[in-house]
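Shared between the two complexes below is chain A, which pairs with chain B and chain C, respectively.
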Partner chain A sequence: MKEYLRKALRRETPFFVGIPAFIWLVLYFYVPLTFIVLLSFLLHDSASLLQGLTITHYLSFLTYPYVWIFLRSLFFAFTVSCACLCIGYSLAYFLAFKAGRFKTFFLFLVIIPFFTNFLLHIYAWFFVLERNGFLNNLLQFLGIIKEPLHFLNTAGATLVVMVYCYLPFMVLPLYSILEKFDRKLIESSLDLGATAWQTFTRITIPLTISGIQSGFFLVFIPAFGEFVIPGLVGGDKSLFVGTVISTSMLGAHTMADGAAFTVLTGVLLVVVAALLLCVIRSFERKGNV
Partner chain B sequence: MIRSIQLKNVKKSYGDESILDGLSLTIPSGKFFALLGPSGCGKTTILRLIGGFETVDAGTIYLGDEDITDKPINKRRINTVFQNYALFPHMNVFDNVAYSQTIKKVDPATIKEKVFKILKTVHLESHAYKAINQLSGGQQQRVALARAIINEPEVLLLDEPLAALDFKLREKMLIELVDLQEKLGTTFIYVTHDQFEALTVADQMAIMNYDGEIEQIGTPKEIYEFPNSSFVAKFVGSTNILQGIINSLNGASYMDSGDLGNILIDISRPVTLSGRSQSNGPEWLKDGQEILLSIRPEKILISKKPREGFSNMLKGMVESIVYHGRSTQYNIRLLNNDKLQVFEQNEEHFPQEVIDYDDEVFVYWQKENAVVLER
Partner chain C sequence: MNSIARMRSLFGMPLFVGLTYIFLYIPIIILVLFSFNSAAFPSPWQSFTLHWYKELFYTSQLWHSFLNSCIVAFCATALSLLMSIGLVFYDLKAKKIRSYLAFFYGIVIVPEIVFAVGLLSFFSFFEIPLSLPTLVVAHTVLGLGYAVPLIYTRFLEMDRRLIEASLDLGATTSQTFFKVVIPYLKPSCMAAALLLFIISFDDFIIAFFCAGSDAQTLSLYIFSMIRAGISPVINALSTLLLIVSSFFVVAFCSLNNRSRLL
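Moving on, here comes the complex of A and B:
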């Protein structure tokens, strides 16, 4: 019996090791999430918290402006992810294959932003984008423009800063997978008569698709809920999902609305992500783009 | 059309390290050519230069009389079988083999026909739709081979293709490779550090030394029986090297080897000087010339009794015996403390003469079976 127990214990060690993380996840993710879902169905007014269940919170969001906000967030997240993928893939490719002995140094440059505060990154962009900022000065110096342009408080500024802030999350998973990539496969493809581009699309991309996938979602999902960057550099002209949620949740009477919008967009995001996953996976199966 | 490969004064270095310094080599067309050398001698570099994976620092590479030095890798009709096969792990056997045809946009029906024809040649037709990781090492090797020959290359480069296989399978694959080469008529260039593989497959072989120079080119038999330097003699097979000074007495040449006395030698055969390709003939073998004598262990006879009819006889003591199955290796200590290896065929279950440790023995060989080398 004792022997049996000991064997069982040893066999189940991975389970016991996992317990703390699981408890953590339950306490700080599943429990709050349940509260949010419950809250989104609660009917209440200023006098008492609970007066019954309702779906009115949800219905209010199925109107034109909110659909538009949802689509805008989706579009921004998608654009940012795609831009990060293009820049990040080139950068990771360079780091893994071409950087040689400077590899560690360049990788360090990619990681440095993690050592500084997130808000600081955004404020740093003010110096670049503002009216007398670096970009305007540069363009004027080069004679491309005469009058300083308006960069701050535009959608373009939001996109640029978001791409900048999320880039490391794309580069790191791509780098780690490209680093392990067997370069003999590239040589072998060229040897068999493929051009560099054919080799890239038929061999390199399909074999690094797991890196593309994790990088893409590491960027896409947080970018979808982003509200700090649009708030600071995008002006208050355009609303995003994250902005709506944060203002609703902070308002006294609108918490339930915020909860409903959170649940609604969360579910829709899962659907969109699943569709995107299918698209990305299909590149791997086909082996060509 | 199958054309020959010619390298002229090819130089290649990585950083400060010079790998090839003015190497010239002609590889005849339609032959199975083996490039044999120790690890790090630059043989793989030669292969990578021919294949187009690397560019030369100086010199020219010709395919027939076409200069292909700067021709891009994907335009050369030269294909490679890589050491670890480099099969595409996300494709099955069929797609791997079909790869070169697919990118050429050959129509699918033709591709299918071609792929199955090739797969049949390498005995893999029943595995066409398996994933690469479902195959054994030997099967992966065949896929790599099939993938490389479907393009009908003029030259097939094989970079230690059997290194990852076990001995039995390697022997089998070597025979298959020889058959395949005969069937296709393509020039095969086979790089290996394993002399057994090279001797087995090659029509012609080149031996490279540590400095990235070609020591000798010839048929396996020429290389083995008549090495032109002590490096080749030692690198290909095992050998015994004795040293001494040429002398002649009453019209017979012998080697004065000090403590071991006079050893009769045969200098009638032309000898090539090592490292240099010109044949000097026997002229340099003058009296007083310091030389080495290479005697293959299997060309030496061993006995406890003195025998008649041999040019040379030495006395020694059995230091150790290694049983190899088909032969037995005797390590003999000669009178001057030099060691001598002797291989004897195990012809009988119960030999008449049993030789044991510490036995006093005589060793014999005919002078024609020893090779005179430059010291």
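Moving on, here comes the complex of A and C:
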């Protein structure tokens, strides 16, 4: 019997070595996610005893102010992703094709912010955007403005700082795909009479679409739930999805509402991501024709 | 090609890239400069001082939170790395897990805040007190989402003939794993470990929800300091952290050249 057990244990060692990762992931990732869905449907009375199931937590969020919050977050996330894509693509293109022997150094400069706490980047922007900060001083020195402007606590500040913080997340996937890109394809396209712009839109972009896709989502998804940057440099004036989630989840009796709002956020994100994916795929198909 | 187009192709790209680098580095340079300024921020440059660095070293709360961050990052990195290598072992000895890999991509797709909030409600339902262990649990999940795809795809790229040769020459699968697969995966494991450590160390969103009120990590401490206003001590801290992370980047890049993770 003992011998049999030992043999069985020996045979099953790989299973016991391999399974913890799955268990960990299910227990601490998939179960909590299901949990939040369950929590959003539970009805508690004032003594926080379970009363039954309800959809009242959802109904309060389908009103005008909350729809507006969703739209605002979507708009910000989309704008930030597009700005990051434009800046990041040219930067990655430069790094992959034009940087020459300084490539490692320039790449190093892009990766450093990626490896530093993003709170410090937000903090650094205070020195640029403050009333006596760099930007106001520069503009006054150039004679463009006479009086210092208010940059902090505006939507513009939120946008700029978000682009700044998320830019490395866009550059790195684009760079890694552009680096593997076969340059002979560009040369042959130019040789066969295509203009530089045609080559770029019909060869380079379709062949790097997977990098664009992963970069876009790496920026879009966290930007949609962002609550730190609007809270610190946006002045808490306008609410974002992330702000609502964090305040209601950390509040005393609003956890179920927060759960409902989180579920709505997740559903919305899935829908938007699917739509964006369709758009990107259609670009890919256009390139293949 | 007319002259305007030539000018554009010669200068357009470098100009735009130069502006991008200025955009990336102006805030950081100003941040570092003001850590050496003897007067606190709103006043302009006065004189060079190292006073803020001295003050930084006497802020015991900061070092306490720094230690907490290091402990959490180390535990989470070790756990997720061990589990990912365990998966490779399972794949080699028993069953291919390739079709289950999508399972691990869930973490990348779900926004961090949703995951953090889910975990928070999970912990509070079972009345598990929020502290450093809960944070390690959360960061390990995050680490698995990065480590498993990185290490496993690297393992898939490995030349199968190496494994077959080792088995043909009489090594057991365990010996093959320890003497052939592990040495092959070593650089990517180290690069992944660096990445995981940094991700856990710099994480704010998960710590904000899952660390509780007693356990303070460095990110939470920095956040509370920024909330309180501009202080040259944070500038000094940022400068030191920037130097440390550039060392990390150098180490990561040299490992990456060998293992091609990114």
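FYI, the second predicted complex is superposed on the first by the 263 of 289 C-alpha atoms of A that agree within 3 Å, B and C clash if a C-alpha of one lies under 4 Å from a C-alpha of the other, contacts with A are read in each partner's own complex, and residues count from 1 in each chain.
As a working rule, a contact is a pair of C-beta atoms (placed from the backbone, for glycine too) under 8 Å apart; a residue touches a chain by one contact, two chains touch by 3 or more.
Keep in mind the model is a prediction, meaning the values are calculated, not measured.
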Partner chain(s) touched by A:Tyr123 [first = chain B, second = chain C, both, neither]: second
Chain B versus chain C as contact partner of A:Leu207, first or second or both or neither: first
Chain B versus chain C as contact partner of A:Glu187, first or second or both or neither: first
More chain A residues in contact - chain B or chain C: C
Which superposed partner A:Pro14 touches (first chain B, second chain C, both, neither): second
Contact footprint of chain C on chain A as seen in their complex: 13-15, 17-22, 24-25, 28-33, 35-36, 39, 87, 90-91, 93-94, 98, 104, 106-113, 115-128, 130-132, 134, 164, 167, 172, 175-176, 196, 217, 221-222, 224-225, 227-228, 232, 242, 245-246, 249-250, 255, 258-259, 262, 265-266, 269, 273
Residues on chain C engaged by chain A in the complex (per definition of touch): 9, 13-14, 16-17, 20-21, 23-28, 30-31, 34, 41-42, 44, 83-84, 86-87, 89-94, 97, 100, 103-104, 106-107, 109-115, 117-122, 124-125, 137-138, 140-141, 144, 148, 198, 201-202, 204-205, 208-209, 218-219, 222-223, 226-227, 230, 234, 238, 241-242, 245-246, 248-250, 252-253, 262
Complex interface listing, chain B residues touching chain A: 51-53, 73-75, 78-80, 82, 84, 86-91, 95, 99-100, 103-104, 147-148, 151
In the complex, chain A residues that touch chain B: 182, 184-185, 187-195, 198, 202-203, 206-207, 284, 287
